[in-house]
Amino acid sequence: MALDVFAPWNDPDAKPLIQFKNVSKRFGDFTAIDDLTVDIFEREFFALLGPSGCGKTTMMRMLAGFETPTEGNILLAGQDIAPVPPNKRAVNMMFQSYALFPHLSIWDNIAFGLKRDKMPKDQIAARVEEMLRLTRMEKFASRKPHQVSGGQRQRVALARSLAKAPKLLLLDEPLGALDKKLRQDTQFELMDIQEKTGTTFVIVTHDQEEAMTVASRVAVMDHGQIVQVATPDVIYEAPNSTYVADFIGEVNLMKGKADPQGDSLQMHWAEGQPAVVGSPLAGASKGQDVHYAIRPEKVSISAEKPVDAANAVQGKVLDIAYLGNISTYHVELAGGQIIKAQAANNRRISRRAFTWEDQVWLSWTATAGVFLER
Amino acid sequence: MRRMSWFNITSLTLGFAFLYLPMLILIIFSFNESKLVTVWAGFSTKWYGELLSNGAFLDAAWVTLKVAFLSSTMATVLGTMAAIVMVRSGRFAGRTLFSGMIYAPMVMPEVITGLSLLLLFISLNVDRGVMTIVLAHTTFSMCYVSVVVSSRLVSFDQSLEEAALDLGCSPFQAFRLVTLPIIAPAVISGWLLAFTLSLDDLVIASFTAGPSATTLPMKIWSSVRLGVSPEINALSTLMILIVTVGVVGASLINKRNVVRQRREEAAAAKLA
Amino acid sequence: MRRLLIAIPFVWLLALFIVPFLIVFKISLSDLAVAIPPYTPTLDPADGWAGFKHFLSQLDWENYVWLTEDALYWKAYLSSLKIAVISTLLTLLVGYPIAYGMARAPEEWRAMLFMLVILPFWTSFLIRVYSWMGILSQEGYLNQFLLWIGAINEPLVILNTNIAVYIGIVYTYLPFMILPIYAALEKLDISLLEAAEDLGCSRFSAFWLVTVPLSKQGIVAGSFLVFIPTIGEFVIPSLLGGSRTLMIGKVLWEEFFSNRDWPVASAVAVVLLLILIIPIVLFQRNEQKQREAGK
């Protein structure tokens, strides 16, 4: 592995910028954050991903200072930030609604935070110009927020929150209000700006694709807890639970009994079907309930039984979802289990190999899927 | 969309005729030459001349404007504070009493409000005059202001205030630099409403004014009790005119701003 | 900071709204006296605790007993209620078609019509009532017009009767009725009426079975907005009504300014307030329901 890979979380000597230490937050009877501990490092682009109500927004609002933890501590560069009010924190936030001040021009919106710091006028001007350049909004400086498009408003909000050069920038669903095409362009722009400024970004999103695209690490949240924190590829290829596997992308989930076989694991999951073979699961004993997760694109579909596949099952095509570049086949096995398989459409549709009701073989290698305990 | 039926056109025509004919007649007959107000005797503006040379009316008008200006300004400050308390303060001891005190003065018969305030001033031995009317008007119009302002505050996007705090404002600065400029139109309409309520009030002013202060409605009252008078017609015409110009002007400006904002938003969307 | 924000308006309203009521209540228990102020007993803090006890012992319910004994008062209360009910119904009858017409008017007219309804509200109440004096009087414009077209031979006596009071109330409170009904009708989806007709309703029964129930909240709100202030109305019965028009607001005024009987005037005010509590609470409940439905 190259040495210059950015991975401070693997370095035992690295000092985290933010530490959540056993943080809980309750609103009356409702527990929004449940005994949560996590470290976020400098220059990271950290994504909090989860469905609405999972506590990700509460975590962000505690970092900004709009909520205080019920229990536990949040440290910023080693300092407990609980007693620091939001206007004294070196943390800035980009709001989901952008919260641009409608009565101020774009220039004044960006300068707003700088003026609060009593910065000299010429320095403010220089910094605002810099931010306008960074977000390519120079031409629109004198306009009011309602006089620019949604995408431009998003860039102004980003410029305003970056203007004070915060140690940490919080982004609350920053791209939620944009349409899909614009969102994809903006994701790369965000990454670019994050790299240029070297600011630590924490982004809250419910869009897994967005989290996977922009983040250096993703924390998948559920019911006030972090289920898994890892780099996007690990989250996708090696989820630690069916919840994570199911939340990120499409997946086939199967359930059965474990049967360890030396350096591999077999799972018996249905009468009359061959056991699923895969890499072993640490600590799995014979007869234990386990889950198997495999991504549709790792399942191949063929008319004949493949010769040396580790896993091969037969079924009939139930449904075909044609998505242009790829097609997803829903194949029903003898026991009723449905497995999705994806195939690239490198031929024209008229010459497609399979159609409804066809008997087909599905196969995948021993390392294609993962066994999961829960 | 269906075409408007004859029934609707008729009811609108009759309804608005009912609303506007009396005032129209009043205006027309204010230009009547004759002292007998119901008999037309040719066009004349002489009643306007008499009105403007009548010192008692001018004095009363001056007192009324003073009272209206002072009371509406105080009511706006107090009413805005009350609105913030109502919308933002969550729970506190006495909240139910507080909201009760905000709503009650608006449904209270004026005779009761007037009587109770007068008895208060008497038992405190306060000299009655302009100041007591101002206090009385401030008290009931602050409630109207607070209703107007709080209906705007309810729809106010609170993340704007949070953004101001996030960018380094103290809570007071956030209010002054962000919240207040944005809710300003509602605060101004609250002020205007309080101003008109004060200009308009006869009953409460009659109770709380001492012998030293007479407001314009009190002056009008004492002369119309005896019957219709051409001078009052002229005065009414002037008052109707001022209000009409003010209200129509304000709504035109408002409409123009809304149209402009819509157009700019549409242009911005196309730009993207 | 937050405490100060609450305290300032709170104390203001307490001092200038609640305390005055307590004083009214206290004076309603006192007796008329030829003195300044014209009632007894008065509380002198110099007398201390004994003085306070003596003061309390002097208070009684005499004035309230008086209100039930003298027919003038309960007749005035009843007559106020009657006038308020009748004029609320009349206002509804006049206001509903106007609100309906506004809600069905082309969209580009509505803002203008809305402003035309609001505009009288900004002009002086006193002047609006006064404008009817010239119209309704014996030699007034209405009589002149009716005589001229030959509808009548003798001028009608309208001014200084209850009819003039009804006209005055309908006229001045009409915007309060129109606006809530208009707000309810404007939200009404035309396709509901089309659905009703599609399912076999006539135009009229569609109106009766769909439009009216869906504008009920507006009707109720408008009726309260007219009914509540009308009960205590003073200016309209004084200017347009006659000597036989009995309304409690007028009685209170005269009791206070002409008879200078402050204790009885205070008792009249307290009873009026008790009568008003019922419609006010009902009105608040209706508003609450509407707010919750709006969510």
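As written, the chain order gives the labels A, B and C, with residue 1 at the start of each chain.
Definition applied: contacts are C-beta pairs under 8 Å (C-beta built on N, C-alpha and C of every residue); 3 or more make two chains touch, one makes a residue touch a chain.
Fair warning: this is a prediction, and the values are worked out from it, not measured in the lab.
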Farthest-lying chain, centroid of Cα atoms versus that of chain B: A
Nearest-to-centre chain - CA centroid comparison: B
Chain centre separation in whole Å, for chain C relative to chain A (CA means): 61
Approximate Å spacing (C-alpha centroids) for the pair chain A, chain B: 55
Averaged-CA centre spacing for the pair chain C and chain B, given as whole angstrom: 18
Footprint of chain B on chain A - complex, ascending: 64-66, 85-88, 91-93, 95-97, 99, 101-103, 112-113, 116-117, 144, 146-152, 160-161, 164, 182
Residues of chain B touching chain A in the complex: 157, 159-160, 162-170, 173, 177-178, 181-182, 261, 264-265, 267-269, 271-272
Chain C-touching residues of chain B, taken from the complex the two chains share: 1-2, 4-5, 7-9, 11-12, 15-16, 18-20, 22-23, 25-26, 29, 37-38, 78-79, 81-82, 84-85, 89, 92, 94, 98, 101-105, 107-112, 115-117, 119-120, 122-123, 135-136, 138-139, 142, 146, 171-172, 196, 199-200, 202-203, 207, 217, 220-221, 224-225, 227-228, 232-233, 236, 239-240, 243-244, 246-248, 251, 255
Contact footprint of chain B on chain C as seen in their complex: 1-2, 5-6, 8-10, 12-14, 16-21, 23-24, 27, 37, 94-95, 97-98, 100-102, 104-106, 111, 113, 115-120, 122-128, 130-135, 137, 139-141, 144, 171, 174, 190, 228-229, 231-235, 238-239, 249, 252-253, 256, 262, 265-266, 269, 272-273, 276, 280, 283-284
